[in-house]
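Next, two complexes with subunit A in common: one pairs it with subunit B, the other with subunit C.
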Partner chain A sequence: MKTLYTTLKYSAVTLWSMFVIAPFLWAISTSFKDFNSVTSGVSYIPWLQFEPSFEGWKVLTKPASEGGINIVEPYFNSIFVTLISSLISIILGTLAAYALSRFTFKAGFVKNSDITFFFISQRIMPPIVLSIPFFLMLGYLSLLDTLMGLVMVYIVLLMPIAVWIMVDFFNKVPREIDETALIDGCNPYQAFYKVVLPNSIPGLIVAGMFCIIFGWIDFFFAFILTFTEVQLLPVAIVALNSSITPWWSLSAAALVSVAPLIVVAFIVERYLSKGNLSGAIK
Partner chain B sequence: MKLVTKNLTFKPEDEYYLNDVSLEFEAGRLYTILGRTLSGKTSFLKTIAGLQPVDEGEITLGEKDFRSIPVWERNVAMVYQQFINYPHLNVYENIAFPLKQRKMSAADIKQEVAVAISQVGLEGFEARKIQELSGGQQQRVALARSLAKKAKILLLDEPLVNLDYKLREDLRDVFKNLFDSDLSTESILIYASTDPQEAMQLNGDIVVIDEGRVLQTGPAKEVFENPANIKVAEITNDPAMNILPGIIDDKEIIFNEDFKLNLPSHLSHLDSGKYFFGVRATDLKLDNSGFNFTVDISEISGSETFLHMHQDELKVVLMIEEVRNFNLDDQVKISMDMNRLYVFDANGDLIFSPYRGN
Partner chain C sequence: MAKIEFKNVGHCYDVSAENKVYALNPFSLTWEDGGRYALLGPSGCGKTTMLNIMSGLITPSDGNVYFDENDITNVITEERNIAQVFQFPVIYNTMTVFDNLAFPLRCRKFDEDKIKTKVHEVAELLNLTEFLNKLTKKLTADQKQLISLGRGLVREDVAAVLMDEPLTVIDPDLKFKLRRKLKEINAKYKTTLIYVTHDQNEAMTFADNIIVMNEGNVVQIGTPKELFEKPKTTFVGYFIGSPAMNIYPCDAVSDDEVSIGGLKLKVNTKLPDSQKSNLKLGIRSEYINVVNKKSENTVEANINLVEDFGNYKLISATNDNIQIKVKVKRESVIPEDKILLEIPPEHCCIYNNEELVE
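Up next is the complex of A and B:
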């Protein structure tokens, strides 16, 4: 009975893994094909079934003058914009979330829960609603088509996610822990960074992961707020397309753009399994 | 050194958390704040610690105006009902935390922590994570952290209530030893509890509090024997003292048509009129020549049985020191020990106690 269960369990896991890995294998093999190999029917194994070509990868690093579409610069632009805006969003969002979780705000009928909802509501609006105001605001500030402008816009988009996740997380950290820290001689700032923050690492990691993912995959704002000076990766990948779809270079670009998220996922997985708060309150 | 509170009042919304609380605490004594859940015990402790504001009133420690000192400079210690520790630190680091915060030298910290650990019996657990400890051990860590600080004021907010029976007994012994040791000569110990039995066992001074108001203060024995009014009588007994409204009329105590007693001679000086009569659950007996009552529910607790029953409007609880089963609506006959009867006047204030007379 137990062996049957184990067999079934591993079969299911294997099936699911194949389902997840298949598109990657497909993209990897396609990225090493040329026009003929793609159009000449189904083939999987290089050298045996088709002659591998590195054209798909080479195009990505060649400057436009040599007929390539260089995605190296957009790649580093994307990393810069995503990391900086995520970092600032997490710092500001965590501070805002702690305040919303621990202190009582009242302005007329507006209470803490309303302020929290105000943050989340930024994400409820369809992005297109924000496009014109963002465009005009960056225009007035002369920040259109700059990394700085993109970072600012992404902070607006990512901070609500951080606030939302962290408010929920801080609400689950018992208030008595803060109080005990105060009694034990911490001032409110020390209580926050010596006691509350170290116990909020899983929450910070989840919030950071969401910020990085949402920042990394955004196409819409990267597209409308940049023209020629600055380009982000999603826009550059779209620019790869031409009248004859270059499946090989698109596959290669897709692979390199997914890579950072896979790295993030591995790091996050390691930290999340170390749940750290279970002994705080019984 | 004395901790004095004057007219502490806190009423954030419609209800009083604290209502005109004026108390004095002396170093070297143990005070038990006894009250029901939400009676203001925790509010009072938090106010002393500085975690909760008050609308008005004063707190002074010796000559110092305590209210103007922020929490983190007050040097108080508090143990919560929940087992509150720092989950990211191990046992040693938890206990050392307040000392590090004070910038004590590493060697001194090591020594103080070792003393505190042995006081609560956690030797060998220094490197353990908090999550790996049982509830009782977690509470010992919290207690050790409070002891290591050598605070002038030690606040204990129902520290045993979330533990199971055996652990509670063990830890209560730890407390007793601590309260008898040197610690108690220098510190003010304030222990909040809902459990009258615990308060009596600790045998310090009792402050009975209800709805944020202090009802009675005094040594445990005095409060138990002579509760100032009906509320105190209910709070200081578990199960609550039975309070029966009745009338004294010409040599009789009349509870209702079917339940009349001859007025005992030691109460004969009382005028005719309405009174409330109090009798403890232990002072009621099953007695075939007694009065008829109908069983509502019987609870077995350890080796005792609590029998809840009624007769018309009268409801009483009786304790039997053995395990017996009763069914709903069983008819039983009970009598009460007239020498143990308390008498309260129509306002609920004590006018006769079997220990003191009137």
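Up next is the complex of A and C:
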């Protein structure tokens, strides 16, 4: 019985892994092909089935004057915008979430839950609704086609995620922890950063990861709020396309663009499974 | 350390409401320095509210709180120098046991040498020395609760240590040891201890003064003996003692005799002249004697049930419609069906309007 269970379990995991990894393998294989290898029927293994070519990869670093499409600058732009906006969103979002979780706000019929919903509602709206206001606002501020403008827009988009996750997380951190810290002689700020925050690291990591993912993959706002000066990675990758689809360079670009997310996932995975909070109370 | 005084302190959570509902009705009370107090009452009677007012987590809507004559009603928690232990252990998970115990001292900027001595002293007292360098996550619930307690005891000058049912999560055996330890600490350091519980045994064995609360009111303050022998209200009679006090509606017949239904009983209380009917008589089941001869204040009753509790037997008997519970020694011989019971007049308490007539 136990062996059967183990066999089934491992088969299921293997199947799922294959399903997940297949697109990656396909992309890796394709990125080493050229026009001929792509069009001459199904093939997977370099050297055996087709002659590998590095054209797809070289194009990504060549300047436009040499017929390449350089994604190095957009890559760093994307990293900069994603990291800065995620960081600011997490800081502001965590503070807002702590306040929403611990203090009672009341303005007429507006209560804490309504304020929390207001934050989340920013993400419920279809993004296209926001495009014209954002465009006009950045226009007034002369921030169209700048990294600063994008950072500001992404903060608006990412902070609701941080607030949403952190409110939920702080609600699960027992209030007695704050109260004990106060009794032990902390002021409310010390109670927050000495006691509550260290207990909330798993939540911060989850929120940070979501912010990074949503910031990194955004195409829509990066596309409409930039023109020539500044380009982010998703836009640059789309710009690779031409009348003859360059599958090799698209694959290579796709691989380098998901790489940071995979690295982040590997780094934070162990923090997520640790469950730091279990046992803070009871 | 300090004398704590409540002057007309009361609390209502929603002050703006039209009909204010008090979680704690205004009352005055002095907690002597170095005393051991228990707050006893059923759930939702205002015990925790009272503690939170003392620690400053709640600012009372009415009245003032004094520590040694200083009005601290509006002083914030972190400046009150009070320690509080909650029902469930609250520990700082990300720190070691040592850092947990040192936390209140570090917050108050003690120097590290002093902190080290003090933490080791408290750890020794609570048998935590071997865990000092461990992360708190790995400890059991009762060890965690010891740490919570330790954080309260690590400060010498603390005004009072407030405990909100702190031993709920702890094994019965360890509970007993800890209670004794708390008593020792109180004796050694003269720390005022205030202990919230809904378990009367815990309150009786721990405190030298018990404050019984019900529905937001302080019902009676007294030593365990006073609460047992002269409960001030019928509520205290019901709530304290196991089984609860026998309480019967009665009418005054003369100034020292009452009748319960048809049954006439002498009492030692001088009955009020103004109120002849709607009185109540209370008698502890411990004070009722099983006798062989009929005399004054004896009642003949039919035995319904005899329960053996190991160290005593509890007889439930009826006379007409009057239910009588009698506690007897386990070795006493109990007749088959009928029993003669003596109700000693000196132990009868008379209640008028649920309050003791003295």
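Criterion: the second predicted complex is superposed on the first by the 282 of 282 C-alpha atoms of A that agree within 3 Å, B and C clash if a C-alpha of one lies under 4 Å from a C-alpha of the other, contacts with A are read in each partner's own complex, and residues count from 1 in each chain.
Assume a residue touches a chain if its C-beta (ideal position, glycine included) is under 8 Å from a C-beta of that chain, and two chains touch if they have at least 3 such contacts.
Just so we're clear, the structure is a prediction, and the values are computed from it rather than from any experiment.
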item: Joint occupancy of subunit A by subunit B and subunit C, clash or fit; value: clash
item: Partner chain(s) touched by A:179 [first = subunit B, second = subunit C, both, neither]; value: both
item: Touching partner for A:269 - first (subunit B), second (subunit C), both, neither; value: neither
item: Subunit B/subunit C common contact set on subunit A; value: 174, 176-177, 179-187, 190, 195, 198-199, 276-282
item: Residue ranges of subunit A in contact with subunit C within the complex; value: 174, 176-177, 179-187, 190, 195, 198-199, 201, 276-282
item: In the complex with subunit A, residue positions of subunit C that touch it; value: 55-57, 76-78, 81-84, 86, 88-95, 103-104, 107-108, 136-137, 141, 144, 148, 151, 169
item: Sites on subunit A touched by subunit B in the complex; value: 174, 176-177, 179-187, 190, 195, 198-199, 276-282
item: Residues of subunit B touching subunit A in the complex; value: 46, 49-51, 70-78, 80, 82-88, 97-98, 101-102, 129-133, 135, 138, 145, 149, 162
